[in-house]
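Pasting the structures in now, so scroll down.
Both of the next two complexes hold subunit A, though its partner changes from subunit B to subunit C.
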Partner chain A sequence: MDDLMIDGTNSSPLVKLDASRGLAQLAGESYPENAFDFFEPIALWMRRFIAEETQPLLLELRLSYLNTSSTKCLVDILDELDEAYGKGRDVRVVWYCDKRNERARESAEEFGEDIDLPFEVVLEESAQ
Partner chain B sequence: MPNGVIDIYKLRMDLMVENILICFNGPFSHSIIEEIGRAVRQYLESDEEPPSSVTDVFAVFVELAQNVQAYASGLKDCGAGRALDAGTLVIGRSGEHFTVSAGNVIRRTDMPSLSSRLDELRILDRDGLKRLYKERLRAPRAAEGGAGLGLIDAARRAAAPLAYKVSDIDEQFLFFSLTVLV
Partner chain C sequence: MSDENVGDTPDPGLEEISSVLRNPAFAADPLLPKYKVLAERYEKTLRSFMKTLRISDRYQLRMKELNEELDAAMRTDYLTGLMNRRAFFDRVDSERSRAKRHGRPLSIIISDIDEFKLVNDRHGHAAGDAVLRLMASVLLASLRQEDLCVRWGGEEFLVLLPDTDIAGAAAAAEKLRAAVESAVTRFESKEIRVTLSAGAAENRGEEVEDTIRVADEALLQAKRSGRNRSLARRSPG
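Coming up: the complex of A and B.
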């Protein structure tokens, strides 16, 4: 299946979804004008990856800020990945945060609270 | 307005007396929100505020601004020349804290549901707000109905209950002001 690449902007993250490596990366801030439009192709890619591929998926996030609409979209994606994990797929999430920003860490950890898939928050010297 | 000159000095002094750092009044667009957001963040970072406070002020600013933009865009065609789609955004200082405020024109008929939502948030504690936030996060999109999650997120980041004020405009419209102490 195809990879998906989207350049980052001031209010939307860089997106690199690499099917052959099973690596999905999102980096930057997310408060686009229409979060549902922005996240839809990402959600579709994830759904296709789960349906068509068999290799493990690693989701690497360096999202320093998400507005509430983006948060809702990401939670929907994580819920779908969690369902796949429940059915035996190898899916995990690593979220990198700036170690100085306690609030960003708390928000990242909250995403992992209601799902069962392996979800790790890693503190970095600077996530920017 | 003598000689057709607007007294900017007086306006500036009024802003300073109220401890207002940044103020915008006019129609919002996404790029304006990005630019003011950048200015807010630069100001806070140059002031050496802790990263968590910068994130909270920025986050509340984004939610309030995007709520106003979303609501105001629905009023664009309602009142020619009456600036119904113009919003006002104010970032100020209040002692150790910052205030993020937003104001916009709203239909009288929309006020009861908005005020009941705000009053519901005002009495919840930190855990109650978190529970409500998570509940709404997984609610179907249609049921959420704008200004839901954004207000809860603002309330969670706030140092005091959300404060709001309603002013009369005419028989059809009100002016709604919301202030979040961060």
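Coming up: the complex of A and C.
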């Protein structure tokens, strides 16, 4: 299946979805004009990956800020991945946060609540 | 379904659906399994909604904190930690109207480190910065809690003195001058001493810029008559 690459902008994160490596990366800030339009191809890619591929999936996040709509989209994506994990797929999430930004860490951890898949928050010297 | 609460918040819709599904009259309904699936989907949507709100609240809190930090940074002089001009102009109007309302005096001191350029020339800018930082703490220590000490320019400090007439301002200016004279900045292995000239003026209801001008004239006169001295001038208003 195809990879999906979207360049980052001021208001939307860089997206790198690499099917052959089973690596999905989102980095930046997310407050696009229409978050649902922005996240739809990402959610579709994840769904296809789960349906068509068999290798593990690692989702790496370096998101320092998400507006409410983006938060909703990501919560939904994580729910879908969690469902796949529940059915035996090897899926895990690592969220990298700026060490100096305590609130960002708290938000990241909040995303990991209510789901069972391995969800790790890693503090970095400087995310972004 | 596990319970009728999503997080700690009871949801009336979920309670209603659960009670309907538990009703024995529906037990034999062939659509019951379908209803249950829909009920679960509703619960899931509700959970994700609540989770989104929690996370969103957190981001908003962070934004608010950042705004407050930014606001504080905008009012603070980075080198000395003193308030800056913006903070002064934000506060001076309310001090003026308070003084007018209560019939209390209000004064201003402008002070300037004498021949500060020599410190930079002889010891370097890092030494100059150390002197400015020490002077800021010396001035603060010599003032009252309610006084506002501002880094006005390079080596220039302005003090706003609420509830203080010209005699009080003259005394405060002299106190600042004496405190600076006896302070020593230790920088690397050097001991650096500086002196301060100060001009004081009382605001008599005129525009604050006019009071500052009068204090500036007093400061200039202090400089001209040999530096390391303080002078007070009554404003024309």
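In this section, the second predicted complex is superposed on the first by the 128 of 128 C-alpha atoms of A that agree within 3 Å, B and C clash if a C-alpha of one lies under 4 Å from a C-alpha of the other, contacts with A are read in each partner's own complex, and residues count from 1 in each chain.
Note that in this section contacts are C-beta pairs under 8 Å (C-beta built on N, C-alpha and C of every residue); 3 or more make two chains touch, one makes a residue touch a chain.
Being a predicted model, the structure only gives us computed values, none of them experimental.
**Q** What does the overlay on subunit A give for subunit B and subunit C, a clash or a fit?
**A** By the criteria stated at the top, subunit C and subunit B clash after superposition.
**Q** Considering only touches as defined above, state whether A:Ser11 meets subunit B (first), subunit C (second), both or neither.
**A** Only subunit B is touched by A:Ser11; subunit C is not.
**Q** According to the stated criteria, A:Asp114 is in contact with first (subunit B), second (subunit C), both, or neither; which is it?
**A** Touch partners of A:Asp114: subunit B and subunit C.
**Q** Mind working out whether A:Asp37 is in touch with subunit B, subunit C, both or neither, as first, second, both or neither?
**A** The answer is neither, since A:Asp37 touches no partner chain.
**Q** Quick check on the superposed pair: does A:Glu124 touch subunit B, subunit C, both, or neither? Answer first, second, both or neither.
**A** Touch partners of A:Glu124: none, neither subunit B nor subunit C.
**Q** Considering only touches as defined above, state whether A:Asp3 meets subunit B (first), subunit C (second), both or neither.
**A** neither
**Q** Touch test for A:Thr68: subunit B only (first), subunit C only (second), both, or neither?
**A** both
**Q** Check the residue A:Arg100 against both partner chains and state whether it touches subunit B (first), subunit C (second), both, or neither.
**A** Once the two structures are laid over each other on A, A:Arg100 reaches subunit B alone.
**Q** Could you tell me which of 24-32, 78-86, 132-140 or 168-176 in subunit B overlaps subunit C after superposing the two complexes on chain A?
**A** The stretch that clashes with subunit C is 132-140.
**Q** Output the subunit A positions appearing in both contact lists, the one against subunit B and the one against subunit C.
**A** Subunit A residues touching both partners: 65, 67-68, 71-72, 75, 79, 101, 103-104, 114.
**Q** Touching subunit C in the complex: which residues of subunit A?
**A** 65-68, 71-72, 75-76, 79, 101, 103-104, 106-107, 110-111, 113-114
**Q** Using the touch definition up top, name the residues of subunit A that touch subunit B in the complex.
**A** Contact set of subunit A toward subunit B: 10-11, 31-33, 36, 64-65, 67-69, 71-72, 75, 79, 98, 100-104, 114.
**Q** Taking the complex as given, what residues does subunit B use to touch subunit A?
**A** Touching subunit A from subunit B are residues 30, 33-34, 37-38, 50-52, 55-56, 58-59, 62-63, 66, 134, 137-138, 141, 144, 149-150, 152-153, 157.
**Q** Over in the complex, which subunit C residues touch subunit A? Could you list them?
**A** 44, 47-49, 51-52, 54-56, 58-59, 61-62, 65
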